[in-house]
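In the two complexes below, chain A is the common chain; its partner is chain B in one and chain C in the other.
Our next item is the complex of A and B:
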């Protein structure tokens, strides 16, 4: 018996299930629509072209990140949760592949393709809409992407962990949506507390969970004027929050992998 | 050589003890039946053997290795789960060809196994479009694809019609005889197991209450038992219980099984017709010892149950 290709084949199988016609086509359309329709090219009278680049990227990412999150709910909470509930994962575990690799195939399909599509359309939008601003501020553009994606990645990691614990597709989906709303409400509440107390600490905590807060505060966006009253982080400090956020994301993903590989009874 | 060696396995689900200090050995080139009522712990035991569940206590070795997260074992084991699930939107033949590539088996093997389980006509269908019986056949084909040395099957014949069951048991017998495949089969359908198994483990309340070759078990549990077929089992059971040498009586819809003191079987043969006439019951047959796995199972559960705390 020659050596098989379990990783590639299970990945291909996951792709087939996650993106059967017309899922990929619909989401590609929504990504494109969300990217181009909500791009903010107005003259913001920003203090610098860096700030302009940052807020351009933020406007391009807003709706597509939400669409990405819908794909996360569909493919991880509902998809992976359903696979655990019904027993498809049990079938995959009878193949010659480590548990961690099985989880990787599922995540590569669920997130990898969604991210490729997301960044592909974003890249096209940047080149078409504002090539000059982008080329002169490549570092800021990259940092903006990393910072703005941080919260969604954190939510993705938490949804993955919750799905592995709950092991029921429908319930994981509901819990994920509740979690998303709860974090949104908590974030607004913290900003309100910061504005009435004048303390930067609540904002710094929020920035660890959502590092775009720190970057927005740094560039002093119109919608975050309130924040500048209490907190004006430097670019290095903002970058620190980005790193901190990704460390948390990595830790939650590590927990999910550890639980799936070492503890999860199926 | 033992292909499966489980020692003192214990598993709890919250407060419920699903498996209690269970030990089991499956020797190479054997067909072992795992029987027991619902909730006996059969599926939990099988899941621990397959490395899908971690035991709370004890250990299990398959091919002398720990089965938890051990891909090396997958090439040697074929698995049929009680509720089989596969990626629903894929085509039957395409998915089996994919499984061939997963195991490094030539793709034509996919058609071979579909023929073996008589499912060629469904090869173009989506998996989600298969009926319950077809899905079960598909699961069996899936388990056979890489020609494993050991097949672990939980309720393998569930959802199959009698003809398909019989054909499947023929496959089991043929694989065992010709290719020396070892089987661990759990089932509720006892006559089937008695057709293919050389040994059985009878489980109840998370424990193995009896384990051994069928002949040994019949000898051990049924020697002093008389089976009486009657039209009125309940009434006859009441009457037979009054005999001083009767130790235990169990009833079912077709008759009663009577355990008697050693050497008193002939007395029962003499007394029963008299009691039946007195009670207005009709005796349809009397035979000594168990003649079926079902009867053996009943005896084990009755006799061992009396010993349990």
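Our next item is the complex of A and C:
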């Protein structure tokens, strides 16, 4: 048997499981509606063109990113967690494939396809909404996408790890949703603390977990929230936070792969 | 089916009505032959893909409307330099157009009757709109201009809709055919007497 065939077979099976009709259609509809309905350029009309491109991307990603997260949580926590819970993962383990490749096929379906759909719709939205703004600030737009996705990738990696540990789909899904809200509340609290103490440190810690905070601070978005400006990073500094965040994401994914390949007993 | 879902969302978005920012500006007067005037300028805030301008014109003759992505100071400064007496005739406008050809973003004739002119830029820009009376007769006209907010330019949403909806229908045909075949097969199996 060729090496690619079992990989594709598991991938096809995962796709079939993750995106049963009408899951993909409903999420495509919600992505598109969320993207267009919440797009906002008007509030930042006094900012620079670069800042406007950044805030446009942020507003485009806001609600759809949450919808994306629900889809990914459903696929990873509920899908993979369900496979572990019911023992159906053993069928996949009987294929002549390394464990890490099995996890890759699962993630390609759960995360890759959801990402393709998400960015496909975002691209349509950018072309429809503000082609001029996007074309003149391609670098900022790309950086904004990378930064805004960082937090979601981190949550996804954590949920993958949690799912592998607890092996219960429903519980992992609930943990993921609680984690999303808890981190959102914690981030607001940290901003409040930063504004009271006048220290940039809490914001810098948040920026490592959610690098869009650094970009937002760079483009002046945080100044609207905080009464006193405590942090104004340069674009290079903001980019470092993005790199730092992705290093953390890569590490958590590595842990998940390591656990699935070496430690998980099924 | 995904494309159909996407076009359905786009259709819903296209139903969201436009809003108005600030107060509108109205006036009714006569337009001298072979002259022009600045009707709108984004001197307070630059226009952007969600912030446009709409001018409703009622006239008994033919007018011409031109939109430039220039701010008021640039336009007025240029005109003031060439014609300090503010004798703004269409020859001066033609010279202005030649000198700022790359900044001319819309050029449209306004026939007698009611016309709604909407301009929503694709990027952030300062805009100045000039209306001229190129005819040799005095024209009576009234206008109302307002700054409008939209989710997205209706033309661009319509374009995306026209692209996604038919493609979605075409791509979903094989899926529907397979589904129908599968159902027919299941019905036949049900109709067969059990052994």
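In this section, the second predicted complex is superposed on the first by the 253 of 266 C-alpha atoms of A that agree within 3 Å, B and C clash if a C-alpha of one lies under 4 Å from a C-alpha of the other, contacts with A are read in each partner's own complex, and residues count from 1 in each chain.
Here, a contact is a pair of C-beta atoms (placed from the backbone, for glycine too) under 8 Å apart; a residue touches a chain by one contact, two chains touch by 3 or more.
This is a predicted model, so every value here is computed, not measured.
Trainee: Quick check on the superposed pair: does A:188 touch chain B, chain C, both, or neither? Answer first, second, both or neither.
Mentor: It touches nothing on chain B or chain C.
Trainee: What is the contact status of A:39 with respect to chain B (first) and chain C (second): first, second, both, or neither?
Mentor: second
Trainee: Regarding the shared-chain residue A:197, is it in contact with chain B (first), chain C (second), both, or neither?
Mentor: In the superposition, A:197 contacts neither chain B nor chain C.
Trainee: Who does A:97 touch here: chain B (first), chain C (second), both, or neither?
Mentor: A:97 contacts chain B only, not chain C.
Trainee: Does the superposition put A:132 against chain B (first), chain C (second), both, or neither?
Mentor: In the superposition, A:132 touches chain C alone.
Trainee: Touching A:266 in the superposition: chain B (first), chain C (second), both, neither?
Mentor: In the superposition, A:266 touches chain B alone.
Trainee: Looking at A:234 after the superposition, I want to know if it touches chain B, chain C, both of them or none. Which is it: first, second, both, neither?
Mentor: Neither: A:234 stays clear of chain B and chain C.
Trainee: Mind sorting out which residues of chain A both chain B and chain C touch, each in its own complex?
Mentor: None.
Trainee: Flag every residue of chain A that touches chain B in the complex, lowest number first.
Mentor: Those residues of chain A that touch chain B are 1-6, 9-10, 12-14, 16-17, 20, 86-88, 90-91, 93-99, 261-263, 265-266.
Trainee: List the residues on chain C that touch chain A in their complex, please.
Mentor: Chain C residues touching chain A: 1-2, 4-6, 8-10, 12-13, 16, 21, 45-46, 48-51, 121-125, 149, 151-153, 156-157, 159-160, 164.
Trainee: If you look only at chain A, which of its residues touch chain C in the complex?
Mentor: Result: residues 21-22, 24-26, 28-33, 36-37, 39-42, 45-46, 49, 52, 117, 121, 124, 127-133, 135-136 of chain A touch chain C.
Trainee: Enumerate the contact residues on chain B facing chain A in the complex.
Mentor: Residues 47, 50-54, 69, 71-72, 74-75, 77, 79, 81, 83-90, 95, 98-99, 101-105, 142, 146.
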